[in-house]
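Presented sequentially are two complexes of subunit A, the first with subunit B as partner and the second with subunit C.
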Partner chain A sequence: MTAPVRQRRPRQLSGRPGLYTSYAQQLRLLNTRPKLLTVSAIVLLAFVLPWLVADETLSLLGVAMAASIGAIGLNIVTGYAGQVSLGHAFFLAIGAYTASAVSGAPDDDTIGFGVTNVLVWLLAAGLVAAVFGVLVAPLATRLRGLYLAIVTLGLVFLGEHIFAEWQALTGGAGVGRPGPVPVLFGVELNSSGDVLTSDQKLYLLMLASLVVFGLLARNLARSKVGRAFAAIRDRDIAAEVIGVNLTRYKVIAFAVSSFYAGCAGALVYTITGFIEPSSFNLLLSVQYIAMVLIGGVATISGSIMGAFFITLLPALTRQLPTVAPFISEDASSPLNVFQVETVLYGLLIIGFLIFEPRGLYGIWIRIRNYWKAWPFSY
Partner chain B sequence: MRELLSSFLAGLGQGSVYALLALGFVIIYKSMRVISFAQPALMLAGAVLVSYLVGPFGFILAVILGVAGTALLGLGIERTVIRPMVGKPVFVVAIITLGIDIALRVVINGFIGTDVRQVGDPWGFARVSLFGVTVQERYIAMFVTTAVVITVLFAFFKYTRLGLATRAAAFDQETALAQGISVSSVFALAWAIAGGLAAVAGTFVATGAGIDQQLWIIALKALPAIILGGLDSLGGAVIGGLSIGVVESLVATYQLDYAPWLGDNFSVVSPYVVMLLVLLVKPYGLFGTREVERV
Partner chain C sequence: MTRTIVTRVRDRAAATPDGIAMREKDYGIWQEVTWARYWDTVLTAGHALLALGIEPGDRVAIHSENRREWLYSDLATVAVRAMTVGLYPTNPAPEVAYLLSHSGTRILIAEDQEQVDKALEVIDELPDLEHIVYLEPRGIRRRYTNPKLLFWDDFLALGERHRAEHPGAVENRMAETEPGDVMTLIYTSGTTGPPKGAMLTVSNVEFCVKELVEAGGFTSPPPSEQDILLSYLPLCHVAERIFTTWFNAAAGVQVDFAESIATVQSNLAEIQPTILFGVPRIWEKVLASVNIKLASASPLKRLSARFWLRVADGIGDTMVRNGGSHTPGTRLRYALGWLFLYRALRDRIGMRKVRYAASGAAPIAPEVLKFFMGVGVPMHEVYGMTENTAIATGNLPGKVKLGTVGEPHPGIELRIDEETGEILTRHPGVFAGYWRNPEATSKAVDADGWLHTGDVGEWVDGTHVKIVDRMKDIIITAGGKNISPSEIENALKASEFIKEAIVLGDRRAYLTALIGIELDTVGDWAQRNKIPYTTYRDLAERDEVIELVQGIVDQVNARFAQVEAVKRFRMLPKELDHEDGELTATQKVKRAAMAERFHDLVESMYAKAGAA
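Then we have the complex of A and B:
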């Protein structure tokens, strides 16, 4: 028997940039020239940004990037695989505490092993969270849809209780503990050096992590695993009939999602530098759900846009009192920016779901399609 | 023994509040196959409404007006936000109700303020002796009121035309439509009933300690109750609610003596532990219908 001869197709026909002659070509990461150019431009700009903007802005952008990793994680399980999870805050917490326990000072009040290498504690945070994800996954294989949403909601409440009570690890409610200590290749990232300030170094760490995690997720989504996820999301019974092993892929989805959440939790609290056990509540889970829904379900770029939107929203609402003086900055007054912020989370979720279910990504697609055909309407 | 009994009765009282909330969840679920995460906000709205009305009208009238007001609020939510989403995936609608809950609670918190508001109930923390066991009066009031409300509700579903229409729509929407039943008014009715039940529950939750901004978390304990009973079983919701209340109360009484390593206030999260255990054994709850699906 002779091996099947793979037919060679021309990579691209001249003058027809939009024509794909093979499936692999269509699935390429940067399948069009404009996409290649804009993505490189954005990444390049992001890497030179530390020398262009103020340090406070950098730390805010750094948090947004770390949150993006978490949002990508939630999008993998909820957007790609269709398993609704309200328990993302729980996995973020596990990552944050693992990282700070691994890197914390051994002689502190709270547990610490003094291993401050970023690569070590980041991996540990992801893996421990992934283990918990795998433990939850058997429930997901038995349950569907809203049952699963309720169970993961219960997880957040259980987690809140455990983190408040386990004072050796978390410092207890109202006390908290310091966040992870980042040291990479012998450079302390959270103290300012001769060349770079701590904010600049942390920003670059977040950016590099986001690029790596984003690429990995994008590659996962266009692989066999990603297609299995989509099949499960669209119709799980049909997926099983065509040979997708439901248990296996649901476990993978939860493991990968929790891994991302764990890393995101570790990175976010590296920047903020302090972990309060009561912050891992239902609202945090809802914020991540909002990132995914506002950004765009089952898109990586959407997750990043959504995470930036939600993380930068407080910075925008803090500016409101200068425009609308009847909104106060004081938390105890009847109408204040914190209330506006929370209401906005709710209203934005509702508004996007009703008017643009594809999220910010969908808005971008609309704009792109409009200009593609301009000056014709279609 | 006496301690056990009094803890059990207190649990039944608290559990009947969970049962009311759980019924609200189940009624909405049966009619539109959606879990409404807006229930905590409705509960809080009911309690706050009563606390404002109790001054001019007295407790009984305030509760009735509060129930009516919250039912209207539920109806309003259904008409404005949920209606455009009929036919969309249930996950989307559920998340929308989550959004409603967050937005609405901020508004309600504005009315609560930083102080604790009282609903002006006649019971307070007064105790009464029942067959030699001391129980707080308010737990008895909760249990009796819930029993009455549930009886009326079940009778409504069983004997009235509208109740029959509701059951028909829950069973098969398209067939019900073909028989001339207005499914949209069934949806509206479900939300109104859920709102009313939440208001009653909210009032009772607020008896004793009063209303503060953290009260809404109690409404989410109805979720373990409906999981326990099965999402689409009214009777299951009642039994689930009562059991969750009893479990919570017993854990609160005995956990610190027998399992102190679980930490303070473990009783608050014990319903969720029960829920996880039940789901591992029976994925559709004790009385829920097993989903049968075609490809």
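Then we have the complex of A and C:
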């Protein structure tokens, strides 16, 4: 007689967050009740925000959210996989132009195919950018560190030249072309309707996209692929020894990263509504690097924090002349807000790298650990 | 059919097959074992023992840390009417030889290469030993060629085959079980002389289960399936056997095995048990670690903790006066402190959910118990010994008297001898005698069935029993005064800086002490005071440290009578160790061995014109 031995599904015991009875529990995204509640509260607040704040603020927040997607993308390749890329502006541009070309009016001055469905052009923007990412990736398998940074920098200059010259697509330097036309389920998102204004609709589109892209990235990071990235970042030779296929995972990292960048580019210029080819320069790449460094390397929430910080910073510096009259709003004066802004980027990056290398996320972790360790210090 | 621990597990497996019986951490995950799986494995292991020819009354020894296989082997052994002999994982090879040959063990379940090596080292002295079953194959399989070795998986496979060929063989053997069957030999630690194997019968254990588990003699209200406990003390000791194996089988308490004794504190924090038994050393260590960590916390945290610990001290005082219960005043103070300190502190030390904590197996300083009461851990001192299946006295919730070991359990006889002051017990839990040692048995149990515990005790308020000391440890000074050294030793050990204190002075003019420091805390203290040191000995013999200890000794002296004051002390130059023969397996000091080993130190304290 053999007693029937059944396997039961492991469950977690209440009030014992450290007692894991399965790996699934250990890997859960929202593994504690406080985390679940806070994240739900933040997402809920974000969804009711359109009815609480002014439209101008909404469009600014929308840009920050779209930029967050781009920052997450850069964090995947630079933060998680450790491949420094200065070419992010190039991939943003690819996404932005692909989306505008797909959705643009066919009878316009610039190329346009008239497919205005957001889902279609967003996917197209991501995929085309990803293809370019895959083309660049082989460089990363041969170069690393500073050399890779220089090579990806080259991409930005190549891009700047091409976009300035290819007038059929970009409208040419100083002229530009309209951004992507967003239509979702028959609703025109960039014009105000009876129920919602265009800013509210675009904000909600950005928020929904950010939630989806954020979750996907977070899942990627805790998967086999994410662990392979981390192994490569920490020591590529060691990673190879334990069986991580370097070429394959570097290609994946660049592909995913550029996919995110492409989507982010498309979304950002949906809100601004206009694309100027010269804006995809080194400064844009540096801004995204700043988002990652200030937010927190190899964290999704850090990327979002960094993107919000960098996007909202100009809005704050524009207020400077009211408190510090010696700073001018006129771009031609010796000390103007734009110069202050650039100086601030530099100072912030230096400051964070020296004092808080883990970024805003690191500050949060520090605060959390202080209370978590109560009444001890470690 | 006689009810045993094994039938209880069988019934539980039938009633709640999917309930959790135990957990053990493996690859970072607490792997769960259901009752059905537990029972199934016990049956297979039982068949394996039958296949290896185990007959009723044979001895099966287990030499392992606490783990699932300990319980499987133990129950399988009892199922086939054999006796379980537990060995301490720290037992060195000569002791392993003594225990295995004295018990006449036929099968040894050894945990890993370390334990297998000990047995193989002395295998020539063990003619009865037929098989060594090892649990961890690392370093053994395909390297060792001794034909007696058998891997646990192969052992179970053997059981599976036997089970297929002889279905029901284990159940048939179980049905023959009689109440008088000896189910385990528990070797007592033996501070003097070699260990003695106390025979506990099926009926002893059933009485123990009835008194301590079902009637809630240790934990009131009685334990249930909702309770969780951490198994970390050696299972060959009667106390941990009660809490792990018997609580589990009889009340369905979920048992979680600590990874090792070194990880107890982090395992406690993960598991957050509801019932927690500890020996004094564990409670002292937790208290010391709290103090160390608080000392190095940031100023704000330190300030807050210091304030609320003072409040806890007051709460503890009031609760001690109130039998361990809260008054409205302490409840209010506790509620406030809970927000600022107690909740977080209890969470960190893994006692957030403890509903009943017990200390036993050795005397403990009341201050230590009071600390835990104050921060909200319901602490109870209990008393018992192997020879009476640990049934003697216990403090019950609401009726706690600090400094006593509580009231006798209902339904047992306990008296204190008028002449000698020795505590005597008589009840069905009194053991069947020492294995192969009728002489010692007749000394322990008299003709009327009274067990002589060897502990001197006295009544407090006519209800509670206070233990004075072990009878043989009582010091009679040259002046003819009777002194209990353990009380002074515990007062010294209540300091976080002192790990060992041995008070001496039998037939001498005054008391002296050998003192061993707690390396962690004193090391931390030295670091904070910028005192450089290299080794344990160097640190122990630093002038600053001697000064620190002198301060503690002076404080303790102030609380005792003049004749009980420790006049001189010396620092132990090394940490005491089981393997060096200074401690027993349960970390009790072997006084005779100490006096001999540190003879010069002791004599120097009694030298006429010596500088103190």
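The definition used in the following text is that the second predicted complex is superposed on the first by the 354 of 378 C-alpha atoms of A that agree within 3 Å, B and C clash if a C-alpha of one lies under 4 Å from a C-alpha of the other, contacts with A are read in each partner's own complex, and residues count from 1 in each chain.
Throughout what follows, a residue touches a chain if its C-beta (ideal position, glycine included) is under 8 Å from a C-beta of that chain, and two chains touch if they have at least 3 such contacts.
Since the model is a prediction, treat every value here as computed from it, not as a measurement.
Colleague: Answer with first, second, both or neither: which of subunit B and subunit C does A:346 touch in the superposed model?
Modeller: first
Colleague: Where does A:185 make contact in the superposed view: on subunit B (first), on subunit C (second), on both, or on neither?
Modeller: Neither partner.
Colleague: May I ask you to decide whether A:22 touches subunit B, subunit C, both, or neither, giving the answer as first, second, both or neither?
Modeller: Touch status of A:22: second partner only.
Colleague: Looking at A:51 after the superposition, I want to know if it touches subunit B, subunit C, both of them or none. Which is it: first, second, both, neither?
Modeller: Once the two structures are laid over each other on A, A:51 reaches no partner at all.
Colleague: Using the touch definition from the top, say if A:375 reaches subunit B (first), subunit C (second), both or neither.
Modeller: So A:375 only meets subunit C here.
Colleague: Looking at A:157, would you say it contacts subunit B, subunit C, both, or neither? Reply first, second, both or neither.
Modeller: It touches subunit B, and subunit C stays clear.
Colleague: Looking at subunit A, which partner touches more of its residues: subunit C or subunit B?
Modeller: With both complexes superposed on chain A, more residues of subunit A are touched by B.
Colleague: Can you tell me which positions in subunit C touch subunit A when the two form their complex?
Modeller: These residues of subunit C touch subunit A: 13, 17-18, 23, 28-32, 34, 36-37, 39-40, 43, 163, 167-168, 228, 269-272, 293-294, 296-298, 301, 304-305, 341, 344-345, 348, 352-353.
Colleague: Please output the residues of subunit A touching subunit B within their complex, sorted ascending.
Modeller: Those in contact with subunit B are residues 84, 139, 142-147, 149-151, 153-155, 157-158, 160-162, 164-166, 235, 237-238, 241, 283, 286, 289, 293, 332, 334-335, 339, 342-343, 345-350, 353-354, 357.
Colleague: For subunit A, which residues count as touching subunit C in their complex?
Modeller: 1-6, 8, 10, 13, 15-16, 18-23, 26, 370, 374-378
Colleague: Which positions of subunit B touch subunit A when the two form their complex?
Modeller: 34-35, 81, 84-85, 90-92, 94-96, 98-104, 106-107, 109-110, 114, 220, 223-224, 226-227, 231, 262-266, 268-269, 272-273, 275-276, 279-280, 283-284, 291, 293-295
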